[in-house]
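Next up, some structures in structure tokens.
After this come two complexes, each holding subunit A, first together with subunit B and then together with subunit C.
On to the complex of A and B.
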């Protein structure tokens, strides 16, 4: 699942938060500290993950640190998907 | 001993000439903020002193002395003049917090043009209404933001130049685009500074209104007089300080106290161009040995959330003075800061329109946690009875925060909108739009807004602007936008939406609308919650009753509903 999840998140961030001719991002590109996704936009990214994977990420775990790269987001989502099972 | 000394004594003996004399200005002289912030400091023998320490999110660092910023601002000014720019033209800075933003701002002022900073996260529609209203002739931007300008270019006949500060030299420049590299340009040693005078326009900041489009708040070069003195007395800035103002210059705090005041005082300031993270912020304070920190309640609450343990991991002992702005600072935050930093955050109150701090807590004066403080010396503030339009004669009553509009950095008008400017006054008082009460000792206590404007993380969002943008989404039939309480941001945007036939509420549609507003306006304006409703409460004449929805969100009494239409 991890590989597919990584691709989904990377594609979504690229499509929604980057301009057309921006430098491509990697799985480790800093998203929040790198200024690509700000704290307000993080809300829509969280909503996307919750909708797509039918999970609820509590606000105290949706921190800038936990959302700071695709890899970190994937780790967080996997945690909540596992809990669901 | 603080710079202000005794607040009461300053109030008794106050005159703005104190500031004029300190900076060497006499009425009728030329006064150019760009010159005062750079050349003058060099002439005072501080050319080699560090003016700006900048670090980007990738870790790239740049340091500029006062002579460096003098040359850089000359170079930018000369470049713009070379494009044919005339004094009075509006030049928009649409940039992240990179050095060109800070230096470009002063370069624009040096040639007598008007600086129009805009938050780089603005979407294309938010950008369009502001550039269109100001009839902006030039936009200075980065290649990453240029696509937003290109999208609206066809609707901006006044826009002559788009200056790209980081063009790679390879990809072709498009219509009206021109490349400029500060690093590759030959520094301009001498620039004829435009002889602006006290009332010459300097800065145009856009702010949200309850109705209508955003308004351009126009300031003048004489604003320097009160920005200088308030920074000295409230922020207590001193010669050996390392100052960090966390505000983005897309907002007025970022220009008044993130560019003008600290540079005019010859202070060293540092800028971190990176997103928020508690750890990164503490690391920055430790690394740069920050002594004076000016931040915002939302950030402070986020730091509180990150926990006390994190604070203990860093050496923050250099911090000497802390202040906050943007929204009311809750008493818990003041108490927390005393506990973890050993000193309180001093709350300061002001607006885009006031141009400088007008009510504040002062070093050396007792801080009453949760209070806005007292008016700055020389500024008359009161709480006005909203019915009689007279100051309350007894304390403790909630009314309108009103000011005598007579200090140097007050706005001079709303750009192309004198009617809106006139509406800000009642019985000779400037009405801030905020409500508060006064206690027996003259401290102001914030009680909320007097209109529908949403204050989210210290930034004002107009419900009207969000509602207008929502109506452009193909699924939205009607909308009403109100604030909703939020533990970190004070308030966030919430939208009530009715859908057109053929559309049904869903999680995907909810997210689609959120992203639609984020891209069109800005992340701040994006509704963090959308409630799909079958209909909206309206008066019999068809006007949407936002206050009913607002009251429900805040758990308040709904009040008079006699004009509500029957469904």
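On to the complex of A and C.
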């Protein structure tokens, strides 16, 4: 699942937050601390992931640190998907 | 001593950092009433210089209009200077109520509530009408005061790409489960001068059962055939649920703002909006001036018609001279320089030529989007615009940017 999830998150972040002339991002690009995603706009990514993977990420765990790169987001989502099982 | 050398040093360090980054804001002292022709002391201590003002929000040229000044004097004489109270204790006069009724008629809404400023209106409106069960979906380029108001509210907040209706629709679908949804936008965007697609936004809001709030501060009084605002221009009069706007720009330019819209929403602001509850409202002298402004605008569209002609003349002149402009048809005409230092140097050179126009750069505008935002007024005569065009052209030749593309300018000056 990890590879598919990584691609889904990367595609979403690229489509949602990057402008047409932006530099492409990698799985480790700092998203929030790097100024690509502001903490306001993070909400759509969180809701997108919750809807797609049928999970609930509590607000106190959806921190800017936990959402700061594609790899970190994937780790968080995998934890909640595992708990669901 | 609480304000120790250590504490002072922290702030001095921060200010030094701002200065060294070239981001220090400095005021220029104007020694005359606000108008097309002003007298300015800059830098501080310099002799006064007569310049043409090309960067005020005095869109209709009413800031120093003799009838408005006279009405303000009369208001001062008949209603006094201050109220020394918030509205709901003993701070409401008959003229406050008259102005609210006048604004309601002018904007074509159901009700209106005055605030000390539009900044305060935007700070108060969201928390007054929304809860944590609701969602706010805002354009990514909305004014800072809307961002602050949204931050003060417990509702969920999401954004959509600037004027991207497909993206807005995705967000309305994503948040379909929320109790209430409200879409938020500027009517005219202050830094780019473009207009929100209110007709399309209203259609989407109707489709997805969402409300819409528009900050029309850079539109009220002059956008639309009779100056009602962006909702008139887009053909959606009566369909905007909340309009926030200011009296500090076209409508006399002194101060004050309001929330105008659906009766229940306005009443919720009267009950719950903290800047309304815990601050004095607009002073009687200003209310009297704005009442005269509303009277002038209700009788004639002459001033907004002149403004429209002036803006078209200015935009055409700059285009023919070879500047890169942001597209649009409002009196906000941004001249693009991309490089921050170039925008500052150009602004300073214009000042030497007798033209007052300020350069904006990051973080006020996005990185690499530095510009001089020119703003046209009905107070400008053709000779003002011709003089400003001559100065822009002269300085443009000096920096060798006339007829150059964005890529040319970036290649020459960097980003």
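Brief remarks on what is shown
Heads up, the rule we're going with is that the second predicted complex is superposed on the first by the 85 of 85 C-alpha atoms of A that agree within 3 Å, B and C clash if a C-alpha of one lies under 4 Å from a C-alpha of the other, contacts with A are read in each partner's own complex, and residues count from 1 in each chain.
Heads up, the rule we're going with is that a contact is a pair of C-beta atoms (placed from the backbone, for glycine too) under 8 Å apart; a residue touches a chain by one contact, two chains touch by 3 or more.
Treat the numbers as computed from the prediction; the structure is a model and nothing was measured.
After overlaying the two complexes on the shared chain, residue contacts for A:22 are found with subunit B alone; subunit C is out of touch. In the overlay built on the shared chain, the residue A:3 is in contact with neither subunit B nor subunit C.
In the superposition on chain A, contact is made by A:68 with subunit B only, not with subunit C.
Of the two partner chains placed by superposition, only subunit B is touched by A:33; subunit C is not. Once the two complexes are laid over each other on the shared chain, residue contacts for A:44 go to subunit B and to subunit C alike. Contact comparison for subunit A: of subunit B and subunit C, B touches the greater number of residues. Common to the subunit B-facing and subunit C-facing surfaces of subunit A are residues 40-41, 43-44, 47-48, 51.
Considering their complex, residues 16, 19-22, 30, 32-35, 37-41, 43-44, 47-48, 51, 60, 63-65, 68 of subunit A touch subunit B.
By the touch rule above, subunit C contacts subunit A in their complex via residues 140, 150, 156-159, 171, 174-175.
Against subunit C, the residues of subunit A that register as touching in their complex are 40-41, 43-44, 47-48, 51. The part of subunit B that touches subunit A in the complex is made up of residues 57-58, 96, 121, 143-145, 147-148, 171, 273-277, 279-280, 302, 305-306, 456-457, 507-508, 510-511, 514-515, 518, 523-524, 526, 528.
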